[in-house]
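Common to both upcoming complexes is chain A, partnered first by chain B, then by chain C.
And then the complex of A and B:
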């Protein structure tokens, strides 16, 4: 984060937690929690693209949704442009919502089948009182044009469009309010490969044109490499590594990041890449392993990994990693709880 | 060729497009026609019925239909045991059937829609309470309820309508709640939430328009069911009072003469069958028409 240190972050996520209760039996007793997002912290700076990567079910989408308060967080803090999102109520929240938008993964369910796409875009402008009458129509059509659609498309229904076009509509809708932050929740994974690059290019063009900040959630590492400036790697609800794109792709520090990145296919058949194959499956987030969540599959797991939860710490090079290999637990000076846990085992 | 057809469709006027939708589906056309006939005779009964439905003439009792030996066109479908004109009674009978069907569905659909919306949208304990009551209602055998009400309050059209309205409401509650839950999870409701739309807007702009299609379709089938059951109750002597010409009552009256004058029971029976058939076909057709994927923007 060396290059961005002097700037004020646009979004600060601190110790964000989202637990889903597991209810069993006739009386719906809560018997446990699925820790979908567990103690996640990161900052996003204005104008950058921050990517969250990880395999499915690791909590990256839930992170995006709790940031926008589409789901309420169990704990933690989200500060957007200096304002606590979870403290905002009523009208203040509406003002905040105007400034942060989401693009969903599935463009087929993201549009109301009974509304023309023009009406859908006009609706959100009307909610925020941005324009009325003819101006409203004009603005909506202009947004569509910006996103590579035609003006006359405004009077059509969603089912008349292809997946890629629908995603353009969804992006246009997100853009209609001139937000500064867009959470793109796997915006291309439901699309055809040939369409994916078009949407990626559109997002990049829009970022340049409107000075947007992206939280880009994806499991496609090649796309992330193309899009993002900084990347956060998630595993089982926890952030295990946050680093600049180049550092991460060239020299991943966390063993999970290493395994994940070794899975990117290489287009040159002559270049053989060492593929790290992880043993076993991802443990259930309802019953996460003690200590480091990754120790069950980590090739370097040590005794300490089974008992002590590694925390996301800054390395000398300015990256953040949660791993005992990088930050041996001995360095946790004065952290009594950690020491006690170790003695107990 | 298919693409040409679609393009041409765009050029047509809205009226032509409606006609096209009607003629595209032959079964739907039959449904619309059958329902239209019943609706027409219910509304204009006094103008099209050749006789008053209660006018008795014992000298011509159990007269055979016109096309049989001994019949005449004064009474095209013959007369019943009291010499009343069958055709006129069937025409007037459609009024009872349609009234029960229409208002019964109106009551159960409005009740069910409101409760289902609340249950699905609010969720939690409210949802549990509403669904609990709905399931309780579903567990009451309606026939028993009808017998009790008929015994205590007497036989009347209003009672039948109320009973049908209330006992069928749980069905609509369930469908509405299920649809609301599905729609709430959809991306468009989430994105409406994410732009800060208020619940009223979400309900009226996003949830209700997507509910109407499936609900109207179910309503048509339910209406057909109610017409059917009303006739059943009439046959058991539990529906409208005996003097009122209803298809069920006519069926019951014709039962004892079925061996020698089968037309007295047969014609109301046919009326019930064709009305039910028509409404079921109409329901199928409505389901297709109300699907926005079938709709072309102008």
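And then the complex of A and C:
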């Protein structure tokens, strides 16, 4: 975290909310809301990789899409390079979109099967006024080359490529607009193991070469450990912990982070370990538990957890945690060391 | 310990419009009583085809077992009549699949489906069968089993459904359980629950397990022995410790090296260039040679035999076999990074 405190964040997400209405009955009356993203705040600094991790349904993908305004937020604020994304209209929004790109999980559905990949890349560059005529062709082929494909691939259709190559095409298309922020939403989950590392290496190379900033969304904690500098852990639409990678992996503070990290299988048979096994399933986001959303599965749950929602607060060490164990509700600035040792056991 | 299952030179092909696909190509391995054998490989490597062949669950056509033996307690499943095979399925060998929702019938209650299996295979009726079903649900850690038994599958979460599937598979005390990617569709905290459950049940019931997955870390956690498959062939097999600490085949080395590790920080991940070959256009010789950085002349022409090392650690790779100097000429100086 050192050094990031003085810098201006590239992206500031403040109290972001995205509620999906639940409609029932013949008149489709709204009877409740799924709080997919509920009061999420974090910053991303230029050149870093910030990862959002969590299990399916925790709201990590919705957070990514809401930041880009692919879905409109229910509330909260997204500031990108000092500009309010939700205040931008028409032309201004198009300029912002060019600067914030997204790479999706499934590279097949992200590409139009009837368009050659060259045409797909040229179209998006033309729309954003990046180039015209011959220069357009030249630039499109060059960006394919940058992403480990060959120039003559530009005249091929998506079905002619393997999964890993298709993901390279999708990354090339995002890169063609010369963005500063790329939201990578599970970019390797649909790929075979031997291909995943090719794509991870490519993303890292591109980050170095073009000074990219990544919001990396993934459920794979080993990949996140490799890629990210800072990590946000989400559970049922809320951020429960935000910390530097090393702090989080070496000493997770939130009980959910602890369980999540300990659940990862270790690829060394000599080191099979005892782990924290959580009881029960993730509750339905349509009907989340009262108080802390994690209290139904938390081994340390106290009475206060059932009624009071813990807020994401800064600890003395500069990390952010939303847990009553770390920040007891009656004394917010109490001695943290005792609490940290207590939950370490 | 004695051999429960012996697979010998199994050959299975799919006959498709595009031509013949050799999904399983000369596969041999043993499973001992109470042992967990992991099969790992990428999509299309034939790991599921092996497991489906053992129970002969493959539709024919297009699938056809073309050779080899599958000896289960001495009898060859390949030659068994439908009637006799039905008694072994479920009774002696049970199977669980990746997607528990598609394996459960949505219009019957969980209890109905469990009791059906128990009635057919255990000759229990009425109350006794129902009690056995409740007992099984309790065994796999489903809370309020006596009420939940009358629920329909859609009321269950993914983890609960997989528990119900395991209950069903184990309800007839099988000697062998085939688990095909049983945790792939589940979240990581739920995966930890299911793996813990399977480990516990294995200790308690002494069931042998064939555990199929693409996830190397799950293999490292669960298996006693591991088979690595590539393009329908076993390229390496050995004890889990030998395989992870001393991988011999370039493919195994690549697989292990390409996963980011939780313990060791690496600047750059290793990778295997290219991608899995199209099964209709298999490369000649060793199927891995177009992606292998050690490929030699001979790799293009001939499939290597298996070299047995210590501790039954077997590998099929020319690097570990005798060959003439001419044959050992490198196929290329360096492998290009891009997939072609």
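One rule holds in what follows: the second predicted complex is superposed on the first by the 328 of 345 C-alpha atoms of A that agree within 3 Å, B and C clash if a C-alpha of one lies under 4 Å from a C-alpha of the other, contacts with A are read in each partner's own complex, and residues count from 1 in each chain.
Assume a contact is a pair of C-beta atoms (placed from the backbone, for glycine too) under 8 Å apart; a residue touches a chain by one contact, two chains touch by 3 or more.
What you see is a predicted model, and the numbers here were worked out from it, not measured in a lab.
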item	value
Partner chain in contact with A:275 - chain B first, chain C second, else both or neither	second
Touching partner for A:68 - first (chain B), second (chain C), both, neither	first
Which superposed partner A:99 touches (first chain B, second chain C, both, neither)	neither
Which superposed partner A:149 touches (first chain B, second chain C, both, neither)	second
Which of chain B and chain C A:221 touches, first, second, both or neither	second
Touch count on chain A, higher of chain B and chain C	C
Contacts of A:195 with chain B and chain C, given as first, second, both or neither	second
Interface residues of chain A shared between complexes with chain B and chain C	none
Chain A - residues contacting chain C, complex	55-56, 148-150, 162-165, 192-198, 200-201, 204, 219, 221-223, 225-227, 249, 259-260, 262-272, 275, 277-278, 281-282
Complex interface listing, chain A residues touching chain B	68, 70, 93-95, 97-98, 101-102, 104, 106-107, 109-116, 120, 123-124, 127-128, 155-157, 159-160, 170, 173-174, 177
Touching residues (chain side chain C, partner chain A) in the complex	42-43, 157-160, 187-193, 195-196, 214-218, 220-221, 223, 240-241, 244-245, 254-263, 266, 268-273, 275-276, 337-339
Complex contact set, residues of chain B against chain A	186-188, 190-197, 201, 205-206, 209-210, 292-293, 295, 297-298
